[in-house]
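In what comes next, chain A is part of two complexes: it sits with chain B in the first one and with chain C in the second one.
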Partner chain A sequence: MRLEIGKINITDIRFADSSKIEKGVLYVNPDDLKPVVLEDEHLKDVTFDIAKPGESVRITPVKDVIEPRVKVEGKGGVFPGMIAKVDTVGSGKTLALKGMAVVTAGKIVGFQEGIIDMTGPGAEYTPFSKTLNLVMVCEPVEDLKQHDYEKAVRMAGFRVATKIGELAKDLQADETCVYETCGIKEGIEKYPDLPRVGYVSMLQTQGLLHDTYVYGVDAKQIIPTIISPTEVMDGAIVSGNCVSACDKNPTYIHQNNPVVEDMFAEHGKSFNFVCQIITNENVYLADKERSSNMTAKLCKMLDLDAVIVTQEGFGNPDTDLIMNCKKIEAEGVKTVIVTDEYAGRDGKSQSLADADPAADAVVTGGNANEVIILPKLDKVIGMLDYVNVIAGASDKTLREDGTLEVEIQVITGATNEMGFGYLSAR
Partner chain B sequence: MLHALVRHSHFLSEVFRVKYSILTNNPMVSDKFSSSHEVLFCDTSAKEILGKASEMIAEGDTILNHPLYGSVKPNETPYRTILLKKKGDPSFTQITKEESAELIVKALRAYEKFTDKKGQIPPEVLKDYQVVDLALASSAVESADR
Partner chain C sequence: MAKIKVVHYINQFFAGIGGEEKADTPAELHKGEVIGPGTAFAAGFGDEAEIVATIVCGDSYFNENIDAAKAEILGWVKDLAPDLFIAGPAFNAGRYGVACGTIAAAVQEELGIKSMTGMYVENPGADMYKDKTYIIQTKDSAAGMRDAVKKMTAFALKYAKGEKIGASCEDNYMNQGVRVNFFEKERGSKRAVDMLIAKLNDKPFTTEYPMPDFDRVEPNPAVKDMAHATIALVTSGGIVPKGNPDHIESSSASKFGEYSLAGVTDLDADTFETAHGGYDPVYANEDADRVLPVDIMRDLEKEGVIGKLHEKYYATVGNGTAVASAKKYGAEIGKRLVADGVDAVILTST
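Coming up: the complex of A and B.
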């Protein structure tokens, strides 16, 4: 599959009378977007706000982050099975609005995590402090059940991102990147001397607030399968995940997966990037066994020499991670696993809930229990009502001077397990 | 000492592929499943639910769902629901009694890394925790019953 991503660099977002993109500036009329959100009868109102890098703004609680894209050539449309029809995407040309994001925020449940600070020490930990953010906070109708509220906000985010993406459909890209995968036979013929390397992407799939969708299917129902990474760039995988802010993968990170980006950069040079394998992280132990068995089998059937495995979330996904690692290694395929750590505030505890000697090549996104003091900021988009009860907080979190003492796990993307961040130990 | 209230309904248990009990401290789980499944409701902490599961495993039961299910962290949510396959059930056993016990030990260890929020959670947020725990437990029940 061959996909061109045309990048439209967005340098500013402003509210205006008409919605358009002109000279890199996105002009948004909230009245154009409001009906797009409110076409869902479960939502009664929405407010839009803009948060820019460096501003004294805190967005919380964050649900999803989405990059607006539009398909201009090739089959299908963005977010297939969710917004567009379920055509197979990943070929042709897609335009992406770079430097900006649509952020859905607001309380789905009282303990929902996710902080994006646009300035200060917290901003260093979240990649979304560097994007111009169009934030939407949706208000549900009375007595709406959490399941329906989550779905309504999730879908509203995709509709708004799609609407904004469509503003770019006639624009010329500032830069174009081409991503091309080979068929199995073609890859072997083209790169006979290069190692065959795959990417195993583990998707969070445990239930309400912990779900991921593939072409519109709840991924807890899938058995592991092969996907072209270019399909994911067109929105074939979307997030319905609201918890575990620091190590969940918002839709934006699936669209811009850094592992895929780096693997494409080496494709045909140091290895042959064969494909992406997607698997799930269910709560039921037999499901875990089945999925890890299938994942290892796919690696073997594809004659892979090595894989990179990325995780999403903490706790029982550690078990899926280790099962995948052990079983793939047992098939003679080398693994590198990418995870994060919950090693306690002092960093001295066991990092993962599971371990195995086969996991001898591990990349970490950092210790989610590390404590940080977040300063009081001038403006909050969303609400701080329950900040003391979210994960990584305590009754001492909101201090008298308005600062927050929290673990970095409250920050969206702080220890992302695809390595989507700016901090490193180097 | 834990007092387990066994909420009846053995009448459907004969048709289940796997015979198991649902050990929970979540009243919503109890309300939803007590008419169709064997529910052991214990009005106790999440950590003590794991302790109770440990006792049942020592008696020969095996665990069906991961005790650290959910990315709602240990000690953050006060609720925990564990599905335990009954000793002697002839359907396939995914993990052994020893492996089940080890999973519980690892889960209890994880509890030590998170701040205990007991008593700090507002009632409306408690309801939200119950809903999410119910959704995650339902996902396991769905897998167990199919």
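Coming up: the complex of A and C.
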């Protein structure tokens, strides 16, 4: 499959009377977007705000981060099965608004939302301090259950991102990248001497607000399958989960999957990048066994020589990670796994909930339990009401002087397990 | 700023006294003298630090008279009150490495003075002391002196000045069994691709997290006489009395709670809830028996299947909680359960 990504560089976001993109500036009229959000009867109100890199702004509680994209050539539309119909995407041409993101916020669970600081030490840990963020703070109707609220906010985020993406549909891209994978036979003929490499992407599916969707399907219900990485660039995989902020994979990171990007850079040089395999992280043992068996089998059937395996979340999914690694290695396929660590605030505990000698090549996104002091910032988009109870905080988090004492676990994307960030540990 | 005061410890060989035949040389204090590798350190320190004294001790003497030698040297170091104590480097010399590790660790622990040493990774002193003092990794012989002094000097200045010490791979010390975060030059995905290419081509690569040894717990034998047994409930699912009186954290719990079940036959939405941040709390909050099955236990009690339900239960949050913390809570809860005469425990997780 061949997909062109046309990049439209966004250099500023401003509120204005009419919504449009002109000379790299995104003009937004909130009145155009509000009805898009409030078409869901579960949402009572929404406020839009803009956060720019370097500003003294804290966004919390953050739910998802989404990059606006629009499909201009080829089948289907972005977010198939969620927004567009379920045509197979991943071919043709898609325009992406670079340098910006739509950030959804709201007190959904009260536990597993995150913090994005646009300046200060916290900003170093989150990739979304470097994007211009259009933030939507969504307020639910009375007595709405958490899972209904989550769904309403999730879908509203995709609708808004799609609407903004569509503003770009007649624009010329500033830069175009082409991503192309070969068919099985074609790849063997084209790269007869190169090793065959795949990417196993584990999707968070523990349930109870820990869910991921593929073409609109709850990934708990899938058995592992293959997908073209270009489909994912068109929004075939979206986040619907409230895992700890540091190691959840927001939709933005699926769209801009760094492993895919870096594997494409070596495609046709060091190896033949065959495809992406998606699997899940269900909580039942039978599901774990079945999914890891299937994943190892797919690696074997595709005659892969090696794979990178990435994770989402921690604890329970560590067992899926290790099962995948062990079984794939047992098929004679080499693995590198990407994870993060919960080694305790002192860094002295074992970092994973499971381990195996087969996991001899590990990349880590760092210790999520590391404590950091976040300074008081001038403005909060969202609310601080929940900052003492989000995962990684404690009853001592909000201090008298307005600073926050937290584990980096609370920071969106801090220890990302798809290798989006630079943090590591030894 | 005043110069950083350093006391340097070396053995008889590096002091130029002699080899094995002089290894029984007792400890000597050379105030104001810079000897052997100290010269190279002094050059590296420039104006920032000075060696105020060198302590020389034979390797056999130190290891055979360890308590006396240690006490004597600690006494000298205490009086000199340096900012930093440096031992070695010992390279792959076994007894010298152990001496350097022992004395550096003692200076740090007993005098509270910053200490460091340097040696080869396979020196027996390395495994013994790498978590008790900073050990800079050196080559295996004195041919690596230049390299060792360069790394040790850089570390010494940073450490003595109180600057933040980075991860072991950044500052060239041996990992102390403590995970330290730092920012890499390449993002994780690129590092993974590079590692994959190395592994594919059978080239060397270094894992960023060597797998730990796991602590496996064997289950106890089955309870033979359930009808007279006292059974307790313990959960990591975060079930707490409404309002979470102990403020147990939603993740990375710093404590566990002990709560009464006296007179409680059923947990309901008005009296119990979950503090756990790892799952949708709706169903646990509606009916906390779903996580802590008090209702069923009361039924079993009535039916005579079990003797009785223990009147206290224990709860913490498993979400993101360090194994060391969990181990500590488990040991303490176990002690209390045994003291209360509990026969068996049902552990529930989420």
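As a convention for this text, the second predicted complex is superposed on the first by the 420 of 426 C-alpha atoms of A that agree within 3 Å, B and C clash if a C-alpha of one lies under 4 Å from a C-alpha of the other, contacts with A are read in each partner's own complex, and residues count from 1 in each chain.
The criterion applied here is as follows: a residue touches a chain if its C-beta (ideal position, glycine included) is under 8 Å from a C-beta of that chain, and two chains touch if they have at least 3 such contacts.
Worth saying up front: this structure is predicted, and the values here are computed from it rather than measured.
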Could you check whether chain B and chain C clash or fit when both are placed on chain A?
clash
Which partner does A:T212 reach: the first (chain B), the second (chain C), both, or neither?
neither
Looking at A:E289, would you say it contacts chain B, chain C, both, or neither? Reply first, second, both or neither.
first
Quick one: is A:D360 in contact with chain B, with chain C, with both, or with neither? Answer first, second, both or neither.
second
Go through the superposed model and pick first if A:Q204 touches only chain B, second if only chain C, both, or neither.
first
Which touches a greater number of chain A residues, chain B or chain C?
C
Classify the contacts of A:Q146 with the two partner chains as first (chain B alone), second (chain C alone), both, or neither.
both
Quick one: classify A:N369 as touching chain B (first), chain C (second), both or neither.
both
Looking at the overlay, does A:F314 come into contact with chain B only (first), chain C only (second), both, or neither?
both
Given the touch rule stated above, what does A:N133 touch, chain B (first), chain C (second), both, or neither?
neither
Taking the superposition on A as described, I'd like to know which of chain B and chain C A:S394 touches: first, second, both or neither.
both
With the two complexes overlaid, spot the stretch of chain C among 24-32, 96-104 or 312-320 whose C-alpha atoms clash with chain B.
312-320
So which positions on chain A get touched by both chain B and chain C?
109, 111, 145-147, 206-210, 244, 314-315, 342-344, 349-350, 369, 389-395
Listed in rising order, chain A residues that touch chain C in their complex are 109, 111-112, 124, 145-147, 195, 197, 206-210, 242, 244, 258-259, 261-263, 265-266, 270-271, 305-308, 310, 314-315, 334, 336, 338-339, 341-352, 355-357, 359-370, 389-395, 407-409, 416-426
For the complex, give me every residue of chain A touching chain B.
109-111, 145-147, 204, 206-210, 220, 241, 243-244, 248, 282-289, 313-319, 342-344, 349-350, 353-354, 369, 386, 388-395
Name, in rising order, each residue of chain B that touches chain A in their complex.
63-74, 76-77, 94-95, 103, 106-107, 109-110, 112-115, 117, 120-122, 124-125, 128-129, 131-132, 135-136, 138-140, 143-144
Can you name the residues of chain C that touch chain A in the complex?
167-170, 175, 177-193, 195-197, 199-200, 205, 207-212, 214, 247, 249-252, 254, 276-283, 318-325
